[in-house]
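To start, the structure under review is shown below, and the notes come after it.
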Amino acid sequence: MSTRISRDDLAARIAADIPEGSYVNLGIGAPTLVANFLPADQEIILHTENGLLGMGEAPAPDRIDPDLINAGKQPVTAQAGAAYFHHADSFAMMRGGHLDVCVLGAFQVSQGGDLANWSTGAPGAIPAVGGAMDLAIGAKSVYVMTDLLTKQGESKLVAECTYPLTGVGCVTRVYTDHAVFDVTPGGFRVRELFGDNTVEGLEELTGLKLAQVVERAKRVETTRGPS
Amino acid sequence: MSTRISRDDLAARIAADIPEGSYVNLGIGAPTLVANFLPADQEIILHTENGLLGMGEAPAPDRIDPDLINAGKQPVTAQAGAAYFHHADSFAMMRGGHLDVCVLGAFQVSQGGDLANWSTGAPGAIPAVGGAMDLAIGAKSVYVMTDLLTKQGESKLVAECTYPLTGVGCVTRVYTDHAVFDVTPGGFRVRELFGDNTVEGLEELTGLKLAQVVERAKRVETTRGPS
Amino acid sequence: MIDKTVASVEDAVAGIEDGATIMIGGFGRAGQPVELIDALIAQGASGLTIVNNNAGNGDTGLAALLAAKRVRKIICSFPRQSDSWVFDGLYRAGELELELVPQGNLAERIRAAGAGIGAFFSPTGVGTQLAEGKEEREIDGRRYVLEYPIKADFALISALKGDRWGNLVYRETARNFGPIMATAATTTIVQVDETVELGSLDPETVVTPGIFVDRVVAVGQRAWLRDGEFVGGVDIEGRPLAAAEGESA
Amino acid sequence: MIDKTVASVEDAVAGIEDGATIMIGGFGRAGQPVELIDALIAQGASGLTIVNNNAGNGDTGLAALLAAKRVRKIICSFPRQSDSWVFDGLYRAGELELELVPQGNLAERIRAAGAGIGAFFSPTGVGTQLAEGKEEREIDGRRYVLEYPIKADFALISALKGDRWGNLVYRETARNFGPIMATAATTTIVQVDETVELGSLDPETVVTPGIFVDRVVAVGQRAWLRDGEFVGGVDIEGRPLAAAEGESA
């Protein structure tokens, strides 16, 4: 038993919550890993905001196609049933509420569901926002995938974000390496505990009063997902 | 010599003012006739707002295609170089100022360039506007094709429209069976006189002071256009 | 496996409730989903609000739905046509509410609903009766009126082909309102001439990606096509030329 | 006869003035009109405002234009990337003004310019730094910020094929901003792999109708295609795999 699960385990855990038939956008960075754990026998349709629905896995090295990339500018493939479209149509898809799920990284998530993931606000840093603000407000369910703590040990779940916001009140659920949290009108609610975490321990780590858990949070053993 | 030219002559006169390479929308009704007089050796691209650029002539009776119609719901054909698109894209083309010319009918045109062509405002009449308001404000040049006088002998060129407006200050030029008028900041200016019309005679017919004609309006003989 | 195809037009229109707002594709008869409308008439939902460019032609399709007294209100740009006698009668009798919208505003308001736009400043209609009571603003020297999205509970549209993911291609000017209405309805129901294998539609040429589509039903090839090729031999209403003699406009 | 094709990239970029606003298509390297950008560098116009999703990659294309100090300001959503060192240096040195726009607002503002929309209420960015000072409004229970169109004097875009009327088709995700930028510029300049006979593009599958295009120049087939078929053998930057060994990211 441990207090943290691996990034792959976390990606697998998120993948398990995505029902067949969902339209899903995986943000650049760690959320991209979720694709590796989507069940091969189910059809889940991936959207990439640079103009493709039905994104497939990475190509073999000698089959890299510079015209066929994802939002992280990595080479990808297109599945049977795919469709290409231009950028305004792609973001209309997103902002019009047609995506079921997006998975995003985070610097901070507030108990009101605010997300900060595009800028630390550090002086001299070069800002870049990309499609994060559109994804944050557009998908029906916005899942955040993140470590619970920064490298300095500070909680990324906070009462109020101190970093510049990406979206207000937009996060549905936060998947961390310690536990899964739902964002509720009463604040964070522990949904699942990984390894030997406890609600009390998480309250100590986050400094937050975690909302009353209606049913005892499901305890999940740390296991290795497929690679 | 006569004081009026035929509708076909008028259509031919308008066609002669449309340069090669223009993107043109011909409104339903009489303006559709203009297509018959576009020179066969020049490329002028017709737009129909129900989703086609590169509209061609009517098909043979046994080649009518119910999927291929113009805005008047008449069967048409598509030229080599045509493109289909949906309604929002079609009106974006129009409202975004990409059409060079549209030709519309009119109940009234005011000396400020206001157009009334969609409703007489008669009680009990069923209103219908279609794409007229979009065309009126969208094309770079808005040409009106109309008889100068109503069947009751009233001038369709007026100081102020009494019928409900289609667009404000939108008309570029009015082609009538008596003369061609430019809409200028100073009101209507006679551009061409057909047959034995005179500026003074037109002032009498319209009841309007016609703006000072800078160069003597060109006099055009009435001739028959090709059929 | 994702499979949005349904076996019958009855299955396709199942669950449409009284009082629903329904977008119906088509410009006049072109692209009008006649088989779905017939199924809707049989299904029985009433008190409907219909969004369409027109208000029915002749006695079939949308006109038949109106004649069956299932429609409370129609939002359209061009109701009055030479063959709109069903609408004309009901409207004159005060049995049908009409919201008249300039065609470009109709299209853009539908797109806005699908694209998550809260409202937009349109140049169309400024200074006219159809902009009365609407917020107006001058931007960069030009006048605009504020227009709001039109969304719907259901969209009924017609396309040429679809696959089980709901990807669609259309045919010629029958495309018209289909692609935008598909984006603006909670449930989008499509009739196609034929359903095709997943992967047989070229991803470059899909016009409506399946994300916008909920149900697809095949209704058979339109009368003027044979094996996918245009063969003609019909009038503008799609009736065989011989049969239509003396009748067609 | 309408013929929008021009003989060379030099002809294609002729007349671009100092101080012009130029939209440049592409998402990263995909769809970036590198040959047109090279011609623009040679042409010499400076003091430019550039609209692009990014701010250049590596040392070629848009990055080379920046390095040549021709750009005064860049409007984009995602300047900072692993290979944006040219931009990073100029920005840190204060030699380049940056307007950062969320990607969906960037796309929709470009579309709005092409579609004649005066302004629109967007749900994106509400309550964030990037909406500071912008008009906000609640509509139907949701908060929006008012966004204005972005238009340009010129657009430089890349497509797969074009005809002499300017009709275009694209390839895969290299389509990205091309179709909307083509609508939003006074003069739209397109590089294509090849120009094709009028009528050889299927009217159902034209993505950018020629009405939006002013000049078309053929620059030859991209390195990963042969006779129009994908053959691969390149890295993500399009360089032959052998040559790129040890270099590509």
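Letters A, B, C and D mark the chains in the order given here, with residues in each chain numbered from 1 onward.
As a convention for this text, a residue touches a chain if its C-beta (ideal position, glycine included) is under 8 Å from a C-beta of that chain, and two chains touch if they have at least 3 such contacts.
Quick caveat: nothing in here was measured; it's all calculated off a predicted structure.
K.L.:
Identify the chain pair with more contacting C-beta pairs: A-C or A-D.
P.N.:
If we tally the C-beta pairs in contact for A-C and A-D, the bigger total goes to A-D.
K.L.:
Between subunit A and subunit C, what distance separates the C-alpha centroids? Give it in angstrom.
P.N.:
The answer is 37 Å.
K.L.:
I'd like the Å distance between the centres of subunit B and subunit C, where a centre is the mean of that chain's Cα atoms.
P.N.:
Computed from C-alpha means, the inter-chain centre distance equals 29 Å.
K.L.:
Please list all residues of subunit B that touch 2 or more other chains.
P.N.:
52, 78, 84-85, 91-92, 94-95, 138
K.L.:
Please output the residue numbers of subunit C that touch at least 2 other chains, ranges allowed.
P.N.:
Each of 108, 111, 115-117, 122-123, 170-172, 203-204 in subunit C touches at least two other chains.
K.L.:
State which pairs of chains touch, listing all of them.
P.N.:
Every touching chain pair, ordered by label, is A-C, A-D, B-C, B-D, C-D.
K.L.:
Which stretch or stretches of subunit C touch subunit D in the complex?
P.N.:
Against subunit D, the touching part of subunit C is residues 108, 112, 115-123, 137, 139-140, 142, 144, 148, 169-172, 202-205.
K.L.:
Help me check something: in the complex, which residues belonging to subunit D touch subunit A?
P.N.:
27-31, 53, 77-81, 87-88, 91-92, 98, 100-108, 110-111, 122-130, 143, 170-180, 207, 222, 224, 230, 232-238, 241
K.L.:
For a test of understanding, state which residues of subunit D touch subunit B in their complex under the given definition.
P.N.:
For subunit D paired with subunit B, touching residues are 1-2, 111, 113-117, 163-165, 167, 183, 198-199, 201, 203-204, 206, 209-212.
K.L.:
Quick check on the complex: what are the subunit B residues that touch subunit D?
P.N.:
Counting only subunit B, the residues touching subunit D are 20-21, 23, 43, 45, 47, 52-54, 78, 80-85, 91-99, 138.
K.L.:
In their shared complex, at which residues does subunit A touch subunit D?
P.N.:
48-52, 59, 61-69, 73-75, 78, 84-88, 90-92, 94-95, 114, 119, 124, 126-134, 137-138, 164-168
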